[in-house]
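Across the two complexes that follow, chain A remains constant while its partner is chain B and subsequently chain C.
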Partner chain A sequence: MVALGGLCLVSSSNWLSVYLAIELSTLSLFILVAQKGGSGQSAEAGLKYFVLGALSSGLFLFGCALLCGFTGGTHISYINLVLNPGLGFSELRIPIGSLLIVVSLLFKLSAAPFHMWAPDVYDGAPTTTTALLATVPKVGYFSILVSIGSAVNILLVGALFSMVVGAIGALNQTKVKRLLAYSGVGHMGFVLWGIEVGSFESIQASLIYVVLYVVMSICVFAIILTLGAAKNLIVEFSGLSRRLSVLALTLALTFLSIAGIPPLVGFWGKWLVLLSGVVYQYYLVFLLAVMCSVVAGVYYVRIVKIIYFQASFSLLISSKVLRKENWINLRKALLIGAGLYVIGFTMLSPNLWLQLAHWAVGGLF
Partner chain B sequence: MFGLNNGLSLIFFLLFMGGISVMKVSREDGVKLKKVALEWSLAILISVLVLWGAFDLEGQFQIINRIEWIVSPALNFQWGPGVFALDGVSLFFFVLTALLIPICILISWKSIKHLFKEFLLCLLFLEALLVGVFLVLDLLLFYLLFEGILIPMFLLIGVWGSREEKVRASYYFFFYTFAGSVFMLLGLFQIYSVTGTTDYQILLNIKLPVTTQKWVLAGIFLSLAVKIPQIPFHIWLPQAHVEAPVSGSVILAGILLKLGGYGFLRFSWPILPAASEYFAPLIIMLGVVAVIYGGLLTCRQVDFKRLIAYSSVAHMGLVPLGLFTHTIEGLVAAVFMMLAHGFVSSALFIAITYLYERHHTRLIKYYRGVTLTMPVFVCIMMVLSLSNMGIPLSCNFVGEFFSLLAAVEYNFGLGVLATSGMVWSAAYSLYLYNRISFGAASNYLLFIRDLNRCELLAISPLLIAILIFGIFPFIIIDPVKNGVIFSPGGG
Partner chain C sequence: MYTCILFLLVVGALAAGVGGRKLGEKGAGILTSSCLIISLSWSVLIFYEIILSFSTTHIKLWRWLDSDLLTVYFGLQFDGLVAIMLLVITTISTLVHIFSTAYMLGDPHIPRFMSYLSFFTFLMVVLVSSDNYLQLFIGWEGVGLCSYLLINFWLTRVEANKAAIKAMLVNRVGDIGLILAMFGLLDRFGSLEFSSLFNVVVVSAPSSDITLICLLLFIGAVGKSAQLGLHTWLPDAMEGPTPVSALIHAATMVTAGVFLLIRSSPFFEQAPLALMIVTIVGSLTVLFAATVGVIQNDLKKVIAYSTCSQLGYMVVACGLSHYSISLFHLMNHAFFKALLFLSAGSVIHALSDEQDIRKMGGLIKLIPLTYIMVVVGSLSLMGFPYLTGFYSKDLILELAFEQYYLTFAYWLGGFSALLTTLYSIRLVYLTFLSNTNSRKAIFRRVHEGSWNLVLPLIILALGSLFVGYLTKEVVWSFQITFPPIVPVFIKLLPVFLSLGGAALVIVLYFYSIHLFKVPSFIGRMGYTFLYSAWQFNYVLNYFLAKRVWRGGHQISYRTIDKGTLELVGPKGVSNFLIGLTRGLSNLQAGQVFNYALVILIGVAMFIWGVV
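What follows is the complex of A and B.
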């Protein structure tokens, strides 16, 4: 259902159908988040997601109502045409309407300052659902944000806030899923910046960034699922390099890639977005962004440190010894392998990705 | 000539095959693992030497390999092609890299206890990146490889380091470099957005606006100064050296520090001449400060690995000094100094680690009278200490002589100040050698074997290189001079 909702979302060009698609996917996500029976955390996460999701849906609907009421149509392209700045409407309803819509989309993207739900929900939900939550909706909402157009300054505010919050919030986390939630916030900052710049290359860059982020997240979540850690604490990774060396290497490379260390692929997304920013002379934003990515590097590198430098954490040894040796099943192995392939080798020849992104963005203009 | 143009591809192919064949050996079979890695790295060294033999001493870019990299359908979006080529300047760094890797494998033959396979793979990966960095002629690819070195080096310090502080040291290393190099990234993007290319050979013929040049050079300076290390940015170096395993120290001192100087050589005068002119007094002054202050700092170290690390800071101060005087002597001296330091300082690290492995302490005051127990070691140590302070016949002398000559030509007072650095280097080298070797033998240090054959063989190529290049410096100077003259900013 989530996938169906996401697909509808991507392909719809009408505010009403967009709204329906959003509701379809979020409604099914509510259920998935809360499905872990007998777990207080899961129920709490579901409730939080539900309440905030309902709030943001309300905002979205209100914004749509303002826009549609003013222009008398529901097609996105139609509204964009009517609201063309050249026509010179100076009506208060238009900026408020688009502001509300963008705010609600930022809610759904978990961009700061509307990110409060993300860490709790990511942490409370079952890991498979978290993986779904972290990947599928982001692509969908991204496409809607792009099609609204970029003339909204709140995107830049959201981008800056997200970068800072993503970098600082995750520093003190002990649970890996909360950390990933904050890292997602930071990455959404980069994506939003790319949308805000609004040139052809920058949107292409953002698209590539989102796709790469999704690939890397899938890889991380697949590994977390494979390890089957009891509490999803970061310290549970300690000593991994001695037990499962290949998996440890993959996890370490994935995190370094998310941190944006070349020659791994995560750097490529950052590179494209930053470049498009520099070309349009956003120097201060650039400085802030790279500072944030250096700070964010601290906690990714900390995970690598825990994987490689620390021997097994003494309190956890017993539980590790008691648990039987779990073999990685084939499907997960294939998924992780494919992810690692993308992470490690895309930099050698990224032409295919560029070509695809070029076609995709070409459709927008 | 057959195959010469494929020479560089051959090196990368050998590295790749070496990696594969190390991976194929089982983890338990330690001896075979070492042998396989050593054989492959020696094969690389031999092919590099053959390339050197075939090198045309005119010094221009040659053996050029073009690799189409990113070609996007949009015409306004093209990166690369990645051009890999050798010239008189990069040739010797290339040789130095290929020489130090087998030595690293030899000296960690016994000392690395766990995860040996990963260690070897790490070294080979590092070698591939380093070779790439020295060969590549595209600014962005240079940045990519430059940053990529962080990953294996971080693991090398963190995983195989000796004490608990290794984590802190590897963090220092990682974040100093990372934070510095993002400014370089900004500079490169600025170059790209002004000119539309990052190809070095094209950029050589483009004149950038002066304001752009200044900002770009400031960004590049921040990242390269961390690597050299220039004096206010040097804090990470002693930490990283002390905690790293010996092979890590050797690679750090021997090759990684040279990346900074090499980057300056490539990027400052040739493509940013106006900005280099503008910043030259500042950078030269920092160089002099590094020579004097670094020398004084070195004199008061008690830990011998730290002492050699600080002596690296002091010696590397001469590199920007020579470079930014912008005379032929200065530029050649910078390259020669880096090479000489690459030989001497790596050899010192190796020698000192031999001592550490026997006695497990790094404090100088615990040692005396080692002459009685380890005569061979003391002989080697004497040669190294003497060349570290730049005695004639050692290759350090040539480098220091030329860079001081350039400094005196640039400004007499500056030359005098820089020359005082020689005194400090003599002071700490003799102090180190004297305290360790002479005096009545300590009771605690008796009954220790001298160097064995493996250890002696591992260090001897460096000793021979120090003497040969000290006596016949023109083997190096001619190609370097030609290379420097050939690039438009030189001379």
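What follows is the complex of A and C.
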């Protein structure tokens, strides 16, 4: 259902159908988040997501209403045509309307300052759902944000906030999923910046960034699922390199890639976005972005440090010994392997990605 | 063949250093010594090709630094100067290697020792054979490092560690001079290669820049060659094993400074002022070190001050623009000083590590061979006619007399020749001739060393006897020097002064009882003054080192580094970030209405921004 919603979202050209698509995927996500029966956390997360999602839906509909009321149509292209600056409307309702729509999309993308739900929901939801939540909707919302292509300043502010919050918020997190939520916020900052710059190359870079982010997230979540940690605390990774060395290496490489360490693919995505930003002379934002990714690098590397250099606590050791040894199954192994392949070797020949992104973005213009 | 010399030395050093455990104590000695012997034979071949067949060789190895401002190649340049230096270095080093296998016997760390020695030799060869200043600097620092490692080879001794650190630090002062000189060269000429620099400097007009560069180069040489002011590390460096003193602190490393002066001669020729300063410092060193050497009681320190003094002669020769004579003296000095050190080592070895000459005596009957060696070395050092030292030392003095305004160098040098004899004969007398003062248990165990202890001594003794005569005109080939025309009196004066010095010792030691019954106040003051080497250590420490130390600790370390920078930098940033992230976590309280409020505030802010 989520995927269907995402597909509908990507292909819809009418604000109302966009709304329906969003609601379709969101509602199914509500249920998925709250699915773990008997778990207070899961229910809490579902409820939070539901309430805040309703709020954002309300904002979205209000924005739509403003726009439709002014223009009298619901087609995106039609509205865009009417709102063409050449026609010279100076009506307060239009920017507010489009602003409200963008805000609700930012909410779905969990960009700051509308990110508040993300850590709680990510943490509370079952890990499978979290993986879904962190990956699939992002691509869809990304496409719709690109296609409406407006409200540049809001996007920039959102991008800046997201980068800062993503970098700083995750510093003192103790749970993996919360940390990944903040990390997602930071990454969305980069993506939004790319969209905001608005040139062909920057949108292409953003697209690549989103796709790579999704790949890396899948890899991380698959590994977390495989490990089957009890509470998803970061400390539970300690001493992983001694128990499951291959998996530890994969996890470490993935985190380093997310942090943007050069030979890995995360660096490439960051580099593309930063490059397009610098070309269009966003120097201050560039500096901020680099600084944020340095700060963000701290907590990714901290996880790698914990994986390799920190001995297990005695309490954890006992719980690990008691738990049944769970072997990694083939599907997860294939998934992780494919993810690692992309992470590790894309830098060797990134042309395929570039070409695909080029076609995809070319369709927009 | 030319690069093989370097290669072999590295192989020897690495094999003994890394695989010393496998090779064993004997194996390491044999391996490094044979590497050295092969290098030596090639050096002889190079000497033949370059000096006798006049075929200078220049090998460009590969490009090292390649930036916009500076391009540096690794290159080897073999000309007359280098060929002679190579011969000296490999000869002395080979002999010292062989000597060490006997001298260090029983030490558990022989492989490490041999490895350091070989590595030192390698770096010394790099130093002399490089074709640019930067590569020379690698060798320059490298030999300094090896000197450090070898001085505190017995690293459990506090004195050795102190001496090693002192050598390193004092040398740094000179290194700064060399580095600044390189910057100056780069700024003025845009290159560091000898071939281009020397061609440019010959056609350029003399200017104050070149004088400055020369003075900076000279500071480097002063540090390395232990000239007045920065000499304090050399006597202390005698804490190291005796073969090290012979190789590094007499024959090769300390001559690197003189080598630098000779190498940079085209610059000095353009800077008369610098030459004058070089002469003054050199001649003062000659006198200073000789006076101090007379009083010292440690066998090795006497020889160390003698080295210092002889280096002064070489520097004086450079200051007088007679670089080939300086090189000649360098070569001769390497032979007789290595001989002196090694035989001192032999004495120390025989006396179970006793170094104080007041506790020696009467050894002539027990180790006659060593006695002969010391006498040969001392006579050569004194400049006794027709021995090796005579040819170069007398020539330097005569050349000094010839100068117009620098003729004081002659008088200082001449007087020092007297002092040289004084301390040499005193050393021989106290060690070998006088009644013994050593303990009976030690005295009964005195013996000559094994063949590999004695063989290097004999070879060096032959060198001290004949090298000067054999090579006197060959060495001058790269800069022809005609013996100056001086009055007979002047020509003979150094010899007479030497003989006078010898007589003086005998007088002093036979009749001293009558002369100095109760040492007067002045006598005691003078003795203390000389014994503590003109109080150089104290003055430098009190007026310079302590203040710099305090300034470094309080201002740059405590105030700037640990104070301001630490607060603004790492600590400040991390504290700031931690505070921020705490705040953010507090915001994330987990209540839905809070979140909704934040979202609404965000929306309101955006709307306000848009409108």
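Note that in this section the second predicted complex is superposed on the first by the 363 of 365 C-alpha atoms of A that agree within 3 Å, B and C clash if a C-alpha of one lies under 4 Å from a C-alpha of the other, contacts with A are read in each partner's own complex, and residues count from 1 in each chain.
Convention: a residue touches a chain if its C-beta (ideal position, glycine included) is under 8 Å from a C-beta of that chain, and two chains touch if they have at least 3 such contacts.
Quick caveat: nothing in here was measured; it's all calculated off a predicted structure.
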item	value
Simultaneous placement of chain C and chain B on chain A, clash or fit	clash
First, second, both or neither for A:L247, with chain B first and chain C second	neither
Contacts of A:P95 with chain B and chain C, given as first, second, both or neither	second
Touching partner for A:F309 - first (chain B), second (chain C), both, neither	first
Touching partner for A:V265 - first (chain B), second (chain C), both, neither	neither
Chain B versus chain C as contact partner of A:N172, first or second or both or neither	second
Touching partner for A:L47 - first (chain B), second (chain C), both, neither	second
Where chain A meets both chain C and chain B, residue numbers	none
Parts of chain A lying in touch with chain B, wherever the complex brings them together	200-201, 241-242, 245, 249, 256, 261-263, 267, 271, 274-275, 278-279, 283, 286-287, 290-291, 293-294, 297-298, 301, 304-305, 308-309, 347, 349-351, 354-355, 358
Residue numbers on chain C that touch chain A, as the complex places them	577-578, 580-582, 584-585, 587-588, 590, 592, 594-596, 598-599, 601-603, 606-607, 609-611
Sites on chain B touched by chain A in the complex	69-74, 76-77, 115, 118, 143-145, 147-148, 150-151, 154-155, 158-159, 166-167, 170-171, 174-175, 178-179, 182-183, 185-186, 189-190, 192-193
Chain A to chain C touching residues, read off their complex	47-48, 51-52, 55-56, 59, 92, 95-96, 99-100, 103, 107, 113-114, 116-117, 119-120, 153-154, 157, 165, 168-172, 295
